[in-house]
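Each chain gets a letter, A, B, C and D, in the order it is written, and its residues are counted from 1.
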Amino acid sequence: MLRLNVGLIGLGRLGHIYAHDLSSRIASTRLVAVADIDSDLASRTAQAFDVPHAHVNSSDLIANPDVEAVVIVTPTDTHCQIVINALTEGKPTFCEKPPSISLAEASLMAEAAARTGTFFQMGFMRRFDPGYRAAKRQLEDGRIGRPVVFKATSRDPFPPSLSYVDPKSSGGIFVDMGIHDFDLARWLMGDVKSVQAIGGVLAFPEFTNVGDRDNAIATMTFSDGRLGVVDLTRNGCYGYDIVTDILGTEGTLRVGYLRETPLLVMTRNRVAHDTVPFFMERFERAYRLQLENFAENVLLGRPAPATIHDGVEALRIALAATRACETGATIDVSSVAA
Amino acid sequence: MLRLNVGLIGLGRLGHIYAHDLSSRIASTRLVAVADIDSDLASRTAQAFDVPHAHVNSSDLIANPDVEAVVIVTPTDTHCQIVINALTEGKPTFCEKPPSISLAEASLMAEAAARTGTFFQMGFMRRFDPGYRAAKRQLEDGRIGRPVVFKATSRDPFPPSLSYVDPKSSGGIFVDMGIHDFDLARWLMGDVKSVQAIGGVLAFPEFTNVGDRDNAIATMTFSDGRLGVVDLTRNGCYGYDIVTDILGTEGTLRVGYLRETPLLVMTRNRVAHDTVPFFMERFERAYRLQLENFAENVLLGRPAPATIHDGVEALRIALAATRACETGATIDVSSVAA
Amino acid sequence: MLRLNVGLIGLGRLGHIYAHDLSSRIASTRLVAVADIDSDLASRTAQAFDVPHAHVNSSDLIANPDVEAVVIVTPTDTHCQIVINALTEGKPTFCEKPPSISLAEASLMAEAAARTGTFFQMGFMRRFDPGYRAAKRQLEDGRIGRPVVFKATSRDPFPPSLSYVDPKSSGGIFVDMGIHDFDLARWLMGDVKSVQAIGGVLAFPEFTNVGDRDNAIATMTFSDGRLGVVDLTRNGCYGYDIVTDILGTEGTLRVGYLRETPLLVMTRNRVAHDTVPFFMERFERAYRLQLENFAENVLLGRPAPATIHDGVEALRIALAATRACETGATIDVSSVAA
Amino acid sequence: MLRLNVGLIGLGRLGHIYAHDLSSRIASTRLVAVADIDSDLASRTAQAFDVPHAHVNSSDLIANPDVEAVVIVTPTDTHCQIVINALTEGKPTFCEKPPSISLAEASLMAEAAARTGTFFQMGFMRRFDPGYRAAKRQLEDGRIGRPVVFKATSRDPFPPSLSYVDPKSSGGIFVDMGIHDFDLARWLMGDVKSVQAIGGVLAFPEFTNVGDRDNAIATMTFSDGRLGVVDLTRNGCYGYDIVTDILGTEGTLRVGYLRETPLLVMTRNRVAHDTVPFFMERFERAYRLQLENFAENVLLGRPAPATIHDGVEALRIALAATRACETGATIDVSSVAA
């Protein structure tokens, strides 16, 4: 079987899972190099997964001739430089969402992709979730007629650290959490013309210190007048709850579930079950299918299902929503420029 | 609109609800007389529902010329005499399940029905539940192919009083609780040839004192070899849980639900909802639809959807299960005679 | 038992159900008079429910000395005049939502209620639904901590007639459908400061002819900065789907359900169930409990749980949302004046 | 990290998955040898998973000094000889259920385990399913009081081939399908004293040719009088449906689920979702966790959570049920001897 020799840059929590996936769980990849600015972490990860090369600098990994393709899971503020480096070196590249929190940077990445013609795939793993894939198929089969309203909810079970949510690095709630929903909106419905948004610090007063919101709602008007709404919360304290409705003229699709373990506990006048703990439990399979898809796209010369353009446009909506939330005005998405 | 002038005998808990239904909730009936051996209760009920006549003796009510039809909700051990009286007087009669706990008595009632030709309807309200009715329709439409296995669960949320469960008056768990499931088995599948059964006192040791079981399971072989199973418990302490599966060659039907109030409470790692409290919450509508059906059958000259024969045969299965449970042997239902 | 002698004005679909409830299903009322501009309908209804008086003019019913209290279910544009008449005559009054589609009229009604001191109860039946009542109790018990986000969805299974949705009589989708959700928002969370909204004709092009929308979304900022969102659709073609989430700092409450009949149909690779057909199936019990509550409030001298002020304020939010939808601007609710 | 060098015997469908798990998905194992009587299959599998040794004879694999422990997934009729060989060679052994379809053979395996003292683990993967594990924990925590009734349903979505179900190789439906449920019964409740059973050929007439049943129900009386029931079907054509209830004196636990993809499709009056296709989708994780547990038990010197005794006793109940089904009598489990 054909196998793609992959180099993995960034070995944090998600990077560790990617290392496991790329080295063993995915039949079409071989993990030949890892890199992390923490050299110990790089060595330990290499050892754990029998990876021949451990680098500290991403550029060394990219330059390594054994590396045929690059997967990037580093902090968002490093994406631009590493991606452009990899594309310039002609190495097919996968980069985790968001491309950047800056539209200027994301545009530079898009230009690099266009200029070099190197394969680039944007990491929007929900597109690979069996639920969303099944929904997409049903949509295309006309099962619900014409889709007219997009409605998405994303609830995190607890807030990230303040340093993480700092909008200077995370981009704020609309970029950090919302970008998945904005990408789904584009993928399932089409381009977004304008947004309105509200938000606030309602559950975690300390968010005020860094300038982010813990709850926010954005409405969208698609280019052809159809409607959408995304609501985001950091205090979905009962569990990780991701639900998306697509209302059509002949039916509605709903993707999402709340129950993790197949156990019902029925006691005095009550039936209870547990909930999905967090994103890795919910999207573990989607993450793996996405990397598998990346490898096959590179090996078979197929186009990327999510491009840097998709990354740029989802980011543009998120930034428009942020601006709408700050001003109270309806914001034309196209007015948000680099 | 045609209205049937009904006399109601027995004003206990269920009788009170029937009084309300017959006097006002059902358009096709008028409650013209009530009877109870507690004369105060009879007077108070008559007053509450604007009923012209209150009797102490059932025979007076039956003889009352204003009474066109009789509904009987008295204790089981009085059914035989009252039913035979009403049938003999030519008054169309509805009698709550079970017909009797004695097959001899039930047979006498069947003979009276045959001899007099008076209309008689057996009270098996589950047949009027929208869920079971929909299941019956789907079955008849061939939606699940040929039905091959019948599987029923009945769980009471708490035990009745010891005096109530005393098999000398209740007939024991297979008669008291199981008769509904045995009737469903016959209604949905057909005649039962033989039964096996086990049971025990597992949750309420005091049941031993009166000689009843608090948990029991009976399997059934239908006349044509198809299979069935009924499990009964008095300690379904989370709620009133009635579920019936019919497995077919092309699909399965399941009737039942557990959630009463449309509220989900989602707290730290848990989703919970309430449960159906008891039989009146679960089958309120079925009880009303059943009386309505009785009135229309009498007014329009339609045959009874559940006859005394149905009562006799469901009782016969229940008694066979009781005997099977006592002996450990497979019992031929037809071997259980009056 | 004490019974309130009620006169019912308006005998359309809902009026017919109210007639049945008031005449028989509710123990604390007696239906002594009905009125409808269709005199035949009035007579027939009176006969069907054994009501002594049938009127054509609402003022005759109000003036009828047998009538102790008045229930009004007439078309919205007649509410103002009939309510003011009843209040002026000193008859305790129940009026179906919305009070009016005009804030000016609604304010006149509020003035009449204040001036006369006559008891007035606004018809917002969802407050009497067992699900919403349970949610309210859980909220008050602090079960989910502090409620911070209100989120409501209302989906009609099919569009009303064009003549019905004409905003000149219905007030448009935000008034006609949304007013229930805006009332819930106020009841469960508190006052609303400002709204944003979008909407469109997406499923039923003919709505353009009368100037209403078939889909709309409004976001709300409560006076203390908390957030809300309401989405409305006329093409929830799978069924009548009403869901409300209240997100708190310690949990979330969700009111709603989709399944009507307790039957699961499991066929080749699929499990299916039916849905709630429409509002009467979903809220039948709430309607009855509401009228019962009205009667008891009048008989026992208790205050109304929903006042004309509640009607005015829910209408004000609906009108603000309508204006927001037309302008794309954030609208201060308090800026919408009579 | 410590890794156990495992040899895998049997490379059929499940064997292939085990090869993948042992070679890469499980961190604590290294797959060093595979064996299959089909030498091509052995070579191909070795190549696919980078396994150094490929054998045709199981005895060669067992004798291979690189092999520290043996996993056996061969056809049931070969278990006895291979297991005894491995145990005699002192290689810790994992063997897929059932140990054998013959109690005599299973007893020989038990004797070999006792005589050699070599570690042996019986493959009952349901014990590793997160749902059943959570149920076991809740039981032990006293969450439902004292468990009094065990109730299990196993439904296959379609029948296996006739050659597979032939009781001469499969042991018949109670052994082949039921053994999982009988093991759960013992694991969650305790020893079984006696059984009753019924069964038939109801959906697939061709089963008659080989002498197996396609539907069967067995009831169990535990040694202390508690009750159980297991129902099995080959025509659960809507999907793979495995549900287990444990009724306690203070509550009930239910393990099971039906929905595979997190997508609801809501069309005209209907909500539908898909179902679990088959056992690998349902128990994929349990299989992996089981092998991981085996490796850790061997590496850390922990006792096996399921022993050959557990295999023998579950088989004994299955054989007792088979005999009960044939005779119609209550069968004492202890009367079934090798």
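We take it that a contact is a pair of C-beta atoms (placed from the backbone, for glycine too) under 8 Å apart; a residue touches a chain by one contact, two chains touch by 3 or more.
Quick caveat: nothing in here was measured; it's all calculated off a predicted structure.
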- Quick one: which chain's Cα centre is the longest way from chain C's? D
- Winner on C-beta contact pairs when B-C is weighed against A-B: B-C
- Task: Averaging only over C-alpha atoms, locate the centres of chain B and chain C and give their separation in whole Å.
- Result: 39
- chain A and chain B, separation of their C-alpha mean positions in angstrom: 57
- Of all residues in chain B, which are in touch with two or more distinct other chains? 237-238, 250-252, 259, 266-268, 274
- In the complex, go through chain D and note every residue touching chain B. 146, 148-149, 151, 153, 155, 194, 196-200, 202-203, 215-217, 219-221, 225-227, 229, 231, 233, 235-238, 247-252, 328-330
- Note on the structure: Listed in rising order, the residues of chain B that touch chain C in the complex are 1, 23-25, 27, 48, 129-131, 134-135, 138, 143-144, 250-257, 259-268, 274
- Message: Quick check: in the complex, which residue numbers of chain A touch chain B?
- Response: 237-239, 258-259, 266-275, 277
